[in-house]
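Letters A, B and C mark the chains in the order given here, with residues in each chain numbered from 1 onward.
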Amino acid sequence: MKRRSFLSLLLAVLGTTALGSFVYPLVRFLAPPEEKAKIKKVIVKKNDIPASEAKEILFGNTPAIIINRYGKGYIALSKVCTHLGCLVDYNKEKKKLICPCHAGVFSLEGHVESGPPPKPLSILPLKVEGEDIIIG
Amino acid sequence: MWKKIKKGIEIRIGLEELISNSLKKYRVPKDTNIFYTLGIITVVAYMIQAVTGYFLLLYYVPHSEHAFNSIQDIMNNAPFGWLIRMMHIVVSNLMVVIILLHIISLFVMGSYKKPRELTWLAGGCLLLVTLAFCLSGYLLPWSQRSYWATTIVTNMPTAFPVIGDFIAKGLRGGDYVSGITLTRFFAFHVAFLPPLFLLIVGLHIFLVTRIGLTTPPFNKSAEEEKPWTEYRHVSHPNSYPFYPNFLLKEVVMIMVFFAITFFVISFMPTLFIPEAANTPADPLKTPAYIKPEWYFLAPYQMLKLIPNKFFGISLQLILIGIFLLWPFFDKKEERNILKRPLLLVVFLLSILLWVILTVWGRYS
Amino acid sequence: MGYLNRMGEVLVRYSFILIGLILLLMLVVILSAPAGYREVFEKEFLRKSWGVEKIEKSACLECHTSEIMRLELQEIPQEWKKSWHYKNNVSCHNCHGGDREDETMSMSHQRGFVGTPKDTEVPDFCGKCHLGILKNYLKSGHGKALKSSQKGPNCVTCHGSHNIQKADIDIINEGLCTQCHSFERAKVMKQALFATENKIKHIEKELTYLKSKGLYTGDEKKTLFRTQVEFHILFHTIDVEQVKEQTDKFTKRLNLIEYRIKDTFEELDFRQNFSTFLMLIFAGLGGVVFLISRSCRE
């Protein structure tokens, strides 16, 4: 009988541990995801970017660029080329974004015009409020 | 306190009698071997899949742009998400292994014979539903392997002259695999297949318990040799009750199953995740050697080798038909396979063929 | 009626002999499969979404691999096939222009055919794609020498023309650099590059290891690639001072990647420990229940 009760005790202990090591992960899994470290909004003054000029900013971890497109308003794009990850450069004369690695060419809307990139550049949320341009 | 609750339930639903009838009176022959537990392990594996699946549903996004990234989220950002996803992957593969062992042991012991033909048929359908689960499941991560293996599989119905194209387009939701395919397969995997599986499993288990377990044919059992002309639940003179003896045996095997699962997760985490399964899908780039999961390698290799598409697929369908309806083909009453050399040879030949095709498919 | 029934019975009874025969037939068919069965199969089943098959038709290759060509011209496709360009689907017309599909226009100036660039034209030829490098090269001593005196190293001098491999620090070696000047200067540059290059190689190895463990490393790879490329572009200024100045910046960026990788390694360790723990608990449970079941036998 002693053996039986020892085994039952062992069973209870192991069983509870097993159950606990399932319940704990599942409960933590259910917890709501942490507020993705709120990427700080970036605020730029309109005056900083004259027509046809651009300004480079860092949005969270992503290098980005705000362009004052002549006649078409402001746009904020990620500078990360969708081909292999190099950073594109803004070419004022040609009005394009060109990647120095393999000559991928993007329009100022971020669309791929030539070269190897498979996808357009990511567009970042941009709002104009009074004298400020707010990204994020 | 515990006794009071038990008494309360007892007067309301007659718990004692229920347990006594279905669990204690249900007899299990004494010479059952380890293979008799494979059935319940499959059910447990399905439960694990369902539970981990529900949890994965919390984070997974079934859209071609987000699917792969949502899975990376589960693996890296959600607490213990990796554990849930790894369990889902490993158990899905182990479940197929267990089912195959279950089928082989049943075949060898002749347990499909009269009166258990329907049980075999239901079981065969369960195998097909499981494979459908596997197929629809591994498109969901939207990796290179997912995309291209699904392209091949959904092109297979086109071998049939008239309805082939229609079926293929219906499966894919178009002319080629796209986000629409993903949504459809997700619906199959999560909504259509589970109730179907549960329905057939219910039937299968009902049939097993209604008729009773077989004894292994390697010892004489006069009881089993009486011809089946009317219904009876098999009685085993040399047996013990299902509860607690056999149930405990089953629980041991279930624990072993869990231990094997965690062994694989700890020490062989990439066993079921080849490189192509860890790269996001790229419809413009076909990887060099696409292979489906291991359980599909044999039919895949066979299809590759048979030059005519239509002939290849028809042959496979015929083989599936023969498999499902086998109890109706093999009517001899002798259950001991060692006493039927012809059948033994055919059986071993098929297994050998399957193994050769699988290994060949793996390395070709 | 009874006659049909009996027929059915006989058929069914001997059906597994039939099945055995079918299996043997399959074995024969399979063992006599024609070579190249995989390609035929993939053609049938691997319908690709963009319709036209890639790379198949190349007018350039059709002539340049044929016997009528001069031997030197025949060797070019063989060299190209060993290159990093080939592995990334960059082929003849991407650099030389011309029409890839139409033989009659494959060397036509109307289709942008350029032919073999002269020594002084090589930088602009390669710089069609490698813009960043061209910019720095033109500013460098090498570039200025070429432009002013028509004598100087161009891209092909160090990288070759068709068998181009992934750039490695050992391109800077005595054989190449002493063609024009002593190796001393090149050695100084090589030393300045050495530490950063090593770090990059080390991180690459770690990323490959993580990938082999089942982790998806795409994002880190992109960041590493970007850093490595910028470093290589910087090198082409052939300005040791600039390289030394910027080495700190690059090292900081590489360090950031390394911290993240270290975190990942720790996470992997935790995962393995946790699942081993679970495995042991279940093995233990199995053993205990087994012992209990044994004592229940009575």
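As a convention for this text, a contact is a pair of C-beta atoms (placed from the backbone, for glycine too) under 8 Å apart; a residue touches a chain by one contact, two chains touch by 3 or more.
Just so we're clear, the structure is a prediction, and the values are computed from it rather than from any experiment.
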Graph class of chain-chain contacts, one of line, ring, star, complete, other: complete
Between A-B and A-C, the pair joined by more C-beta contacts: A-C
Mean-CA-position distance for chain C and chain B (Å): 38
Approximate Å spacing (C-alpha centroids) for the pair chain A, chain C: 26
Centre distance in Å when chain A and chain B are each reduced to the mean of their C-alpha atoms: 41
Residues of chain B engaged with two or more neighbouring chains: 83, 284
Chain C: positions in contact with at least two other chains: 274, 278, 282, 285, 289, 292
In the complex with chain A, residue positions of chain B that touch it: 55, 58, 77-81, 83-84, 282, 284
Sites on chain A touched by chain B in the complex: 25-26, 28-31, 33, 118
Residue ranges of chain A in contact with chain C within the complex: 3-4, 7-8, 10-11, 14-15, 17-18, 21, 80, 84-87, 98-103, 115
List of chain B residues in touch with chain C within their complex: 72, 75-76, 82-83, 86, 148, 151-152, 155-156, 175-178, 244-245, 248-249, 251-252, 255-256, 258-259, 262-263, 265-267, 269-270, 273, 275, 278-280, 283-284, 286, 290, 302-307, 309, 315, 322, 328-332, 342-343, 345-346, 349-350, 353, 357, 364
Residue ranges of chain C in contact with chain B within the complex: 9, 12-13, 15-17, 19-20, 23-24, 26-27, 29-30, 33-34, 37-38, 40-41, 44-50, 211-216, 218, 271-272, 274-276, 278-280, 282-283, 285-286, 289-290, 292-293, 296-297
